[in-house]
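Input: structures, listed below.
Next come two complexes, and both contain subunit A; in the first it sits with subunit B, in the second with subunit C.
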Partner chain A sequence: MKRHFIFYLFLLTLFSENAHGVAYCSLRDPVAQIAQLFPGKTNQLSIVKAVDDSTRQKIQTALPRNDLHFSELGKHTLYIAMSGREPLGYVHVRSEQSKWGLVEIVWAIDKDLKIINYVFQRCRSSKRKFAEESQFKSLFIGKNYRELKALLSSDGVTANEAVLAKAQDAPELVNVVLRCALKTLLLTEMLWREELKKL
Partner chain B sequence: MMKISHYNQLLAISTLLSGALIFASLWHQYQKVEKISRAHYESRLLVQTIEHVFTMSQLWLTTQDLLFSGQQTYLAKGITKQSEQLKKILINVKPKLTNSDNDLVQGLVVSIIKNDDIVNSFSHISAQETKSRQLTVAESDEVTALFVSDLEKLSKQISSENSVLSTQVNLAMANFKKLAYLVVSLYILLILFTVSCFSKYIVKPIENITALAQKPVQGDGSLEFRQKKAATEIITLSGAIQQFTEHITIEKSRAEQERLNVIRANDKANIIMDTIPCAVLLVDEQGLIKECNIETETLLHSDKEHIINSKVFDYVPALATLEGQFDSEIVLSNMEESLLSPRFDNPHIEFSGRKIVIKGSVNYLLTLSDINERKHSQKALSSLNEQLIHAEKLASIGQLSAGIAHEINNPVGYIRSNLDVLDDYFTPLMAYINLTKSSDKMTEAQAFYQQEDLAFILEDISPLISSTLEGAARVSKIIKDLGNYAHVDDKLPEVISVDELIGKSLTLVANELKYKVEITKHLEANVEVAGFPQKLLQVFINMLVNASHAIESKGRICITSSVEAQEVNICFEDDGSGITQENLKNIFDPFFTTKPVGKGTGLGLHIVRSIIEDHHGRINVSSKVGQGSKFDIYLPVHCGELIES
Partner chain C sequence: MKFLLISLILLLCSPSYADFSQNLRWSLDASARLNHNAAIDNTSRIYALGLDTHKVFTQATGDIGYGVAQIYYTKLSNHLPVPFLFDSKDDGDFIIREAHLNYTDTASWFPNIRLGHFTMPFGLEESIDTNGRLLDYYHGKNLGTKLDWGLGLNKVTGLFEYNVSYTLGGKDKAKSVNDSYAITGRIGTLSHLDFIVGFSFYHAEIDGVDRKRLALDWQYYWQTWGLLAEVAIGEDDKQLSKWQQEKYHLIELNKTAQHEQLKVYGQFIMRDKEYQKSIDKLANIGLSYQVNTQLELSLSAHIQLNTPDAGKKKQLVRGQIRYRY
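Coming up: the complex of A and B.
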């Protein structure tokens, strides 16, 4: 038990600078959004991992038409919302290109790598409010990677008819959110699986 | 019903009008569609432009986001250029938009300008001024969010307008198609209707007429060509054809009737030709026999095959000229007696001919009648007539015999008396002659001469002999005349002096006339005629006896002879009882007599006329009861024909 604790402290020591310093892959510090998504968090951890070509290749294999952009390579930060020493969940900020420019979504993920919630850090779409409603969010919340992938249509980049029917007013936005969610969960599992197991 | 020309005009006009209507309506509708399509095209271009703006905006915003996230300030210049491009495009599309859209575009341009200012200000904020940067980014996000919102509104409005136009285009196209289908359908219906009318009122009636015309004739051959539902010309034409066929039918019936009539007439003619009791031949101009009947075969003892195309004058030589050609003049004789060629046993024929023209060719219709039997009859009749005449002559001789005997008896009486005297004179004369034979008895002779008054005897002998001779001559003449009268004429005529013959007749009837009739003669003809003297003598005796009989007690008979033209006129005129007009008509009939039974034969005048006609003469009679009768006999002077015949 002491060994574990010491290891965690080591990790925290190792990444604390990052957590409070540069928020890689995110424009702005998502601290406020982490608090919004995990109101019960007392502190947070950040684990920085580098997204390289091999990762990108794996992502491309898993999501052939929804691969990572070149600009997404490099260091990325996964935030762990903590309640004391207890991890409440993970926060992954990911940007997705849309017709409104980049849409930046702060994803709240539980320990089973299911979507808990999300908030937009940037979204210029006029449907942003609609996408922030619980009915829209319910399309994603509680779903893991496989369940979300099942929402894709045959083209692999857009939502299926059932999903689009539930988001009639914002079909483009639901596609963007779905693509972003899939990459977020897949990347989280691929890059941070080992570290998260150790928590 | 209309004329075909009207149908043509109707078709042309309807086709023209309907075509013009179709074209006009389609053109009008096409113009609408074109107008809407053009608007729709421009709208689509606008939509594409807006989509292009969206794409550019996407790049513009992404670049901006990269600037904000990567803090790579060199991107700011590119963002400014993109902003310029966006503004330029938006300004260019402004004239094509509505006012509300223009407001949105104006808002977009303003947002771009604002954002440009923010981006420029962001470039000048140092990396350490995190809060200031984040505020700037938040301000930019607000401006760009508004930009996106306005752009989406603009896009939505333009898309909506495009949708409306698209709907209008589709509607216009649909309407155009409907109209096209409608007018084309109407046009087709019109064409079908017109064609149907054409077919019903022109083609079909013509087909009916053609089918009827080609239909085999059945029954009485009556067909109904009249078409009731057809163009006027076809109705008229069918009526004309009907009339024509009816006319043909009538003419056919008439022709058939005429054919039957011809057959009947032909049969009748054939029957007539075959039963007609004379040979009938049709001869051409060369005298070739072209047709003949059965009787011809019988007459000419040959069959038809041999007769046809043989020369008619081979059978009837009289029909040939001296040159041996067909005599086309003699053939036109009427009931001309002739003879067949010598090879025929019964050669007597009688022919008549007529000229006929058949199909422009001159032909001769010749009839040949077998008159051999008639000839035999004529001969027999002639013989009988001769016998009758002879009998009549004998009868008249019988009647005249007493008178003739009386006439003979007178000269015979004084001849006998003269001979008695002469016989008385003979004895003394013989005695005187004997005395004178011896010279010695001369004196005695002289004495005897004186004694017997021989001088007177010698002087009386000569008148006695003369008287006797005259009496003998007179008897001789009477007997000769009677003998001539009783004698049957030679078969050949003789040249006769009419006046002499009248004298002979007077001799024979002298005793009949001399006691009650005064004969006056004016015989001035002094010409000769050819004839049979006994027959003419019989005529004259008959005339004189009849005249004598007409005179009851005393009367006068005047006999004259004269020449009038080429005829000798012998006139016997009496002043006897005359003949009634009623009897005048019958006096020349045989066996007609007004005399008591047994007193007359009734053949006298009949024979008179018969004899005169045999001499090619004629006899006229005129009579008045109580005044007498006059018979004029005319005989041709020296009748050559009679001699020839």
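Coming up: the complex of A and C.
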């Protein structure tokens, strides 16, 4: 029994394309948290995909000077908020490193891959409440990847002066939220595009 | 229990349009742990190799639920005292850690239904997974077991979450042993927030010992610091003697590096048992370093601060290397 078990585990390692470590970035409770962003949803549909080193490379190419945190590698879930058989939009959780540790943001995305809303699953910045106000959120809501990328400054990791002026109280947090939004939309497009077309 | 488990598996699988590998996450998990117990001057090792899986079951209109299965071959080498799952200090056996299904496609007002082998929903352990880690909140010592086979109801609402279970008290066995059982529950504020408070209860008969517990736990996180505590009061009845009071307090301060690779923690624990003359006071310090997505190194030292009624002070140093592929 023991030898068989170890043999099967070995075979699994040899023939698997999906080997991975721990992926930390997920919703603690999809049922409740997705309802917060899509109050009309009746259920959610999970689609799990692997974020691997080649994905990481593509992110670095598309967003120079940016990287994925090591905990972002592994299998990740995109949730489709459903009303019966009708998709309402998508929910994607991403982590971004900050001086307060990882910030985990739950993004609500529409079917045209524009940001609808977001909530923090974890944010230990003292500016969290400010970043949850509609004025701050309006910097991101309604924008797609291309429009959000235009908000970056020339260094590729911080927001431009116009955005920073609107987020005077939380310049570091606005940078974190912006980088997270960009990676979220880019990964959604890169990894889940084919599945989303079928819905 | 087996009938219920098979029924729930069929319920989850039958409407699925996807093949089994869809929405399946799995990891091979290997670890080697070195322990030095200074009180008995013994050095031991524990090796574990297993499969950790998580599967979301779906149908066209959405998710039905998910299943978790963790099976490990675990080998002891000169390990004393011998854990209850093993026969000797050099024994090896298959150990099932978590193995449960959680049916989530219920009406919005109705809880999710969990069936299988799961961690008792009590205290800090409810929101912090310690399986396979050196970090511990001492469920086994306080409740008589950390995991048990049974049925649970759980739900997260917009304001609070709860998890209650009826389990069979057989620990690793999916059956009641000599009328064993356990009723466990916790209600608390949302566990992803920075300030969490929970209230737990427990009433069980396991291994011939009746146990009753009430507990309050809380967690507060500020930037990269965490302050956690658990206070439990209750009583034990070892059948031949009378009910005897027990109190348990744990306080933990932890710090995580900004990149989250390094975590350090210190715990202070007090156990006050009516039948013991002195109160056990213990200190734990530990760290874990996540080298990359797969590899984690951890160390811990466990020291007894008071002089026990009998025997030597506990002094345990442990190191672990863990690789998940």
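Operating definition for what follows: the second predicted complex is superposed on the first by the 172 of 199 C-alpha atoms of A that agree within 3 Å, B and C clash if a C-alpha of one lies under 4 Å from a C-alpha of the other, contacts with A are read in each partner's own complex, and residues count from 1 in each chain.
FYI, a residue touches a chain if its C-beta (ideal position, glycine included) is under 8 Å from a C-beta of that chain, and two chains touch if they have at least 3 such contacts.
Keep in mind that this is a model prediction, so the values were computed, not measured.
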Contacts of A:Gln44 with subunit B and subunit C, given as first, second, both or neither: second
Touching partner for A:Gln36 - first (subunit B), second (subunit C), both, neither: second
Which superposed partner A:Arg122 touches (first subunit B, second subunit C, both, neither): both
Which of subunit B and subunit C A:Gly84 touches, first, second, both or neither: second
Partner chain(s) touched by A:Lys75 [first = subunit B, second = subunit C, both, neither]: second
A:Leu102 touches, of subunit B and subunit C: first, second, both or neither? both
Winner by number of subunit A residues touched, once subunit B and subunit C are compared: C
Doubly contacted subunit A residues - partners subunit C and subunit B: 28, 71, 97-102, 122, 124-125
Subunit A - residues contacting subunit B, complex: 26-28, 71, 95, 97-102, 122-126, 128
Residue ranges of subunit C touching subunit A (in the complex, touch as defined): 22-28, 49, 51, 56, 58, 60-63, 73, 92, 94, 104-105, 108, 112, 155-158, 161, 191-192, 194, 221-224, 256, 258-261, 290, 292-294, 324-325
Contacting residues of subunit A [partner subunit C, same complex]: 1-2, 5-6, 9, 12-13, 18-23, 28-33, 35-36, 42-48, 69-71, 73-75, 77, 80, 82, 84-85, 97-102, 104, 121-122, 124-125
Complex contact set, residues of subunit B against subunit A: 54-55, 57-58, 60-62, 64-66, 68-70, 134, 137, 141, 144-145, 147-149, 152-153
